[in-house]
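Below you'll find the structure, written out as C-alpha cells, and then a few comments.
Just so it is clear, A, B, C and D label the chains in written order, and each chain counts residues from 1 on its own.
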C-alpha cells in the first residue's frame, strides 16, 4: 500500500506543529522519519493514524484521497500505529489486551483469540505468556504485543513512534528483524526516531522534519553529517569538559536494599567522591530510579546503611538530606518536578526557603527575571510551568537548583531534549563538578554516558553488576552488561 | 391581647411540627384551625408546617413567630412538646401577643410568662380504648407499642394503653394475666428521621414477624397501618391502631381497629374567644372527652373512631367500657399500681391526681421496654 | 483557565476578566431563572409571587435582614475554612461533621457554667473549645487521608455520620434533660451564656465581626503568606513536593485544621447565638451548603461571602413559600443547586469555545 | 422483641437490602467504566418520589418503576455530560446534584406526603419457598428483591465473561487506549453511566413502592446513597463483593432493633450510624493491603495472602479521569 501526504497542516493555537508537509511512503519499504524534539513527527503520525484531527492537507492512499477522523477508520484502511507512550491496559492480561477492540458481542470468544495470538507469537518467535498481566511485561514486550494486535487487524502500514527508547539491544534486534520481515511480506513500515543509528540500520529511506516542515530526505547509504544538518541546521558540537581531581567521599552506601519500580534495589554498595560525574546505565527500571531516590532520601531503604560525609543518614527524613545538600531532578518534569499551574515567579518564591511568614513577592519576581534570562527559559515570570516547552521546563528546573548543592542526582536529565539543549545542559552541569559537586545521572543512551561520565555503574535486575571508570571499558562491554552478561 | 377591631380579621398562627397533611398529629391541629375559622367569624389562620430542625434546618421558633407577628398574628399556637423553649423565648419577645403551647407544662412549673397558656387533651382515655380493643382482638396476647421519644407524656400514654389492655384481658376476657405481653419500643422521635431515629417500618415489621399481632402506634405517622397491610397481603393476621387523626384509618379498613384522635377545635375556640375579648390568661387547660358523645366535633376534645377491622362483639364491649369510664364507674388509674422497677405508683385504693398522671415517672409494672432513655 | 501565555499585560487581562465574569453571571442567572420558573410552574404555583415572597421574606424588614445575617455568619465561616482545603486539592466534605463537633465541644464547656456566673469567661473558653473540636474532627479525616490513604471524601462522609451519632447519643443519653429524651435537645442555656444581640434586629455584633475577620484573615493567608503559596503549589502537583522540600502531609493536615477550626467556630455560633442549646440538627446543613458556595464563587475569597449572603437570603426567604403559597420551601435548595450547575456549564462552555477558536486558527 | 429468629432475621436482611443492593450494583458499573456518580443519594430520593407519584396517578406499579429508572438515568446523564463531554469535576457535579435532586424530590413530592398509595405485594416462589431454611430467606419476597438477587450474578457474568464486559473494564482503565483501538470511550462511558443511573433509579422505586411504601418527608431512603457509594469501595469494584457488603450493612441495620433491647443503656439512634466507622476501617484496611511492604510481608504466609486478596480493591486506573478531547 502506498501512502502520500500532501501539504499537511496541524496547528495548536499559535504553534504550527506541522506546517505544509509533503511525504510519500512506498509499498514494502521501511521509511524513517527523523527530527529533533518537537519537530512535529509524532503529530504528523498521529494525524496519519487518525488519532488527532488535521488542520489541513490531504492523505492519499493508493492514489485515492481518503478522509477519516478516528483510529478505527485508519485501521479499517490498513493503517495502524505504535504510539510513543504505550496505549494499553497494564492491569489486564495480555490476552485481554489483545482482544480489546477486536472482540465484540456478549458471547465468550476467549478461545478463538487465544489461538490467534499464540499463532502470531510463534510466527515472530516472541516469548509472551498470554495470561500474565501486561504490567509485568517489559516495555519491549508491550511493544511486541501491540504490534501483534495491529497485525491481527490486517494492518498494511505500520507506524512506530520512537520504539527503541527504553528497550534492550537484544529486544531492539528482535524488533528490527520482525520489521524487516514485515517489509519483505509487502507491508510498509514508518519508523519515527531521534536516533540516527536506528534509522541507518533499518530504513530504506528517511525524511527529516524540522519545526513542522520537511528539510530534506535521503536514500541509503546515508551521510550522517548531512542528516544532522538537516535536523539541527548546523551539526551540534560534541560536549567537552576539562578533567577535575576528586575530593573526599560525599556519599557512601553499604548493602542498601529498597523497594520500587519492577525490580527494586538489592545489596548496593558504593562510595561517591566530590567532583565525580557518574553515569547509571541499564534498561529503564532496572533499579537506577530506586537508587537515585534512596540516595535523595525520598525512598527509605529496607536495609543497609547510608552516610554523607561520614554522617549516618539512616532514619533521617527528606529534610535532613536537603540540608546535607542533596538535590534530585526526576525524569518526568510536569509529573514530579514542577507545579504545572504555578507561574515561574511562584516557583522561585516557593524555592526561597527562609522562615519568614509572608512571601517576598518583589524579590521572587526579580530573581525569576534574572534566572530566566541566565538559563534562557522562554517565558515571563507570569508564564505557568505547564505552558513551557519540555526543554524550557528542564531549563526552569535547573535554574531552581541551589549552588550550594553537594550531590546532584539527575534522572535522565536529557530525556526528550534535542542535541543543542542536551549539550547546553551538560555544559551547565559540568560547572557543578568544578565546584566539587558530585553528579550522578541515569540515561538510556549509552553513547551519552560514554561521552559524559567518568565512572559508570551498570544496573541489571536491581543490582549493580558493573562499576568501572569510563576509560577502562567500551560500549560493547557495557551493552553486554546491560543485557545481563558480565 | 386586645379585642380585635370588627373590620380587620383576627389572625391566629399555627406552628405545626409535621406536614399539615400527615394524616396524623399535625393534620388534626390544622383541621382544628380550620374549625375555628368556620365557627368564629372574622378569624383567619396562618400556619407553617414541618417546624422541626430536621425538615427546616437553621429555622428557629422565635424567627417564625417574628414573621407571623409581622403578618398580624395576635395569637400563636405551637403544637409540639419540643417547641417548649422556643415558644417561651418568643412569648417573652412579644408580650403583646398571646401564645398557646400544646402539651407543655410551663404554666404548672411557673416558667410561663403571662401571655403563654398550655392546652392538652386527656388522650389517656383514648389510649385506654385503644389498648382495650387491642387486647380484645389479639389472638397471641402479644401487643406491640410503637413509641416515639421517652418523656412524661409518652410514658403516660403508653401506660394508659396498657391499663386498657389489661382491663380487657383480665376483667372482660378473664384470661390469665401472664399471657398478656405488652412491649414498648421507642424509635426516638415523633416520626422517622433516617439515620437519626430507629426505622418505624422495620420496628413494626419486627413486631409482626415475632408474633405480635396488634401494633398500637404512639407516633405521628402511619407506618404501623402500612406494615400491617403488607402483612395481611402475606397472609399473616395483623391489626394496627394509628394515632392522633380521625381519618387515620382511611384506606386501611382491613387492619385498622380504630384510632384515638384529638379534636382541637373546642380547645382552640375557647382560647381564641378569650383572646379576642382580651381576657386571655395564662392557664393550664387539660380537656376531657365529652362522655355524652366522645365523637362530637363541637364538644369533645378526645375521640375514638372505630375501624373496619373491629369485630362486632369487641365493639359492644368497647361501648360498655366507654360508658363505664364516662359514668366514673371505672377509673383505671386506681391503686394498687406499681412502676416497672417495682416501686409503688399508687397505693391500694388510691386514685391518681392529675399531676400524678401527668408526671408519669416510669412505665408500669407488666409492660416491657425502656422506662427512660438510660 | 490559565492564560495560554503570560505575554499580555496583567491590566488588560484583569478588565477582560471582569467583562467575562459579568457576561457569565448574566447567562448563568438567565439559565437558572428559567429553570426555576419551569419547576415552580410544574408545581402549579405562580412563579412571580414565589420570587416576590422569597425576596420580601429575606430583605423585607430589618428583623428579616437580621435573620439572613445570622445564617450568613456560619455559612461564611465554613466557606472560608473550605478555601484552605480546596487550595490543596482536598474535598473536605467532612465540614458538616466539623461544625457538629464544634457545637458539641462548645456545649461541653458551657455545661460547667449553667449557673450563669463568669459568663464571659465561659463564652471565651467555649468558643476556643469549639474551634478545637472542629479542628480535631478535621484532623482525624486528615490523618485517615495522609496515613490511612482513605479518600477524604469518604473519610469525611463517614465522620459526618459518626458526629451525628455522637451528638444524638449525648442529647438522648448523658446530656438529656431530667427524665426526658427528646429531639428538642439539651437543657436551655442561661441567658448570660447567650451571645448578646441587638434585639431590634436579633443580630449579634460579635458574630458579625468574627465572620468579617475570618474573610480578611483568609484572604491574607492565601495571597500573601508562605502557607498560602505552599497550599496552592501542593494543590497543583503534590508529587513535586520533595523537589521544594514541602511536607505534603503536614500541609494537608494544616489545611484541614484551618477548615475544621472555622467550621467549629460556626458550630459555637449556632449554640451560643442561635439555638442556645445543643440540638441534633445543630449544623443546619451549613457545611454542605458552604461547599456549594465555595464552588459557585469559584473558590474566590471575596466572591464567596457575596454568594453566601445570597444563599442565606434564599434559605430565610423560602419559609414564605409554605406560608403564603402552600409550596415546599426546599425550592431554595433547588435554586442553589441549579445555580452551581449552570455556573459549571457556562465555565465549561467557555473553555470549549476558546479551544475551538484555537483549533481553527491559521 | 425477645423472639429472636435467625431465619426471619435473614429473610428481613435479604428484603431490606434490595434497594441499597440495586444502587450499589449500579454505581459499581458506573465506576468500573471510570466515572464516579456522586449524586446517588439525591438520585434515589428523586426516583423514589417519581416512582410513587407515577404509580399513584397511573395506578400502575410498572409505570412507577420504569419512570423512576428513567429519572435515575436522567440524573446520571447530567453527571455524564458534565464530566465526560464538558470535562468538569465529577465530584463537584455529583455533589451538587445530590443536594439538588433531594430538594427537588421534596419540592415536587410535597402534595403526595403520606397519602396511602400502591405497593408491591409479596410473590413467594412456588416449591422453592418450601425449602426449609433457604425458602424463607431467599424465595419468600417480592419481585424487586428477586431482581436484586438476580442482578448480582448477571452483572458479574457480563463484566468478567463477555467481550462487552471487557470493553467496560478497559474504558475504566485507559480511555485513551480505547480511542486508539476504535472504541469511542465517551459514548461507551456515557452508556454505562446511564445504565448505572438506571439501576439506582430502580433502587429508589424499590424504596417507595416496596421496602418503605409511600412518600413523605423524610421518606426513609435518606443517606442510603452515601452508603451505597461506600459499599462500592468496600466491594473493591467487584459486583459480588459489593453485594456481600450490602447484605452486611442491612444485617447491621436490622440488628439495631435487637441491640436496643440487648444494650438498653445505649440510645437507639447510635446503632443507626454503626456501619460508617466500619466502612472507614475497611477503607483503611484496603489501603493497607495494597502497600508494597505488606504484600512482600505476606509472601509465603497463606492465610495473610487470603485476607489481603479479600481486601485488595483494584480501583479502575482512570476512575474520575475521563478521556480528554484528542489533541
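The definition used in the following text is that a residue touches a chain if its C-beta (ideal position, glycine included) is under 8 Å from a C-beta of that chain, and two chains touch if they have at least 3 such contacts.
As the structure is a prediction and not an experimental result, all values here were calculated from the model.
J.: Both subunit B and subunit C are touched by which chains?
T.: Touching subunit B as well as subunit C, we find D.
J.: Give the chain pair that accounts for the most C-beta pairs in contact.
T.: C-D
J.: Can you work out the whole-Å distance between the CA centroids of subunit A and subunit B?
T.: Roughly 78 Å separates the two chain centres.
J.: Where the centres are mean C-alpha positions, what is the separation of subunit A from subunit D, in Å?
T.: Each chain reduced to its C-alpha mean, subunit A and subunit D end up 43 Å apart.
J.: What whole-number Å value describes the gap between the mean CA coordinates of subunit A and subunit C?
T.: 46
J.: At what distance in angstrom does the C-alpha mean of subunit D lie from that of subunit B?
T.: Distance between chain centres: 39 Å.
J.: Would you pick out the residues of subunit C that each touch at least 2 other chains?
T.: In subunit C, 161, 164, 168, 172-173, 181 touch at least two other chains.
J.: Residues of subunit B that touch two or more other chains: which are they?
T.: Touching at least two other chains: 50, 54, 188, 193, 195-196, 373-374.
J.: Enumerate the residues of subunit A that touch no fewer than two other chains.
T.: Expected reply: 12, 53.
J.: What is the complete set of touching chain pairs?
T.: A-C, A-D, B-C, B-D, C-D
J.: Inside the complex, what are the residues of subunit A that reach subunit C?
T.: Going through subunit A, the ones touching subunit C are 11-14, 53, 55-56, 296, 298, 318-319, 322, 328-330, 334-343, 346, 349-351, 353, 356-359, 361, 379-384, 386-387, 397, 400.
J.: Flag every residue of subunit D that touches subunit B in the complex, lowest number first.
T.: 1-5, 8, 12, 16, 111, 113-116, 119, 121-122, 211-214, 216-223, 253-254, 256-257, 260-261, 264-265, 267-269, 271-273
J.: Contact residues on subunit B for subunit D in the complex?
T.: Interface residues on subunit B, with respect to subunit D: 19, 21-24, 50, 54-55, 183, 185-188, 191-199, 201-203, 205-207, 209-212, 221-222, 226, 229-230, 233-234, 250-252, 370, 373-374.
J.: Where on subunit C is subunit B touching in the complex?
T.: Residues of subunit C touching subunit B: 57, 61, 63-64, 67, 71, 161, 164, 168, 172-173, 176, 179-185, 188, 199, 202, 274-277, 279-286, 315-316, 319-320, 322-323, 329.
J.: If we count contacts the way the header does, which residues on subunit D are in touch with subunit C in the complex?
T.: Where subunit D meets subunit C, its residues are 38, 78, 82, 86-88, 91-93, 95-97, 99-104, 106-108, 110, 223, 226, 229-230, 233, 266-270, 272-274, 276-277, 279-280, 283-284, 287-288, 290, 325.
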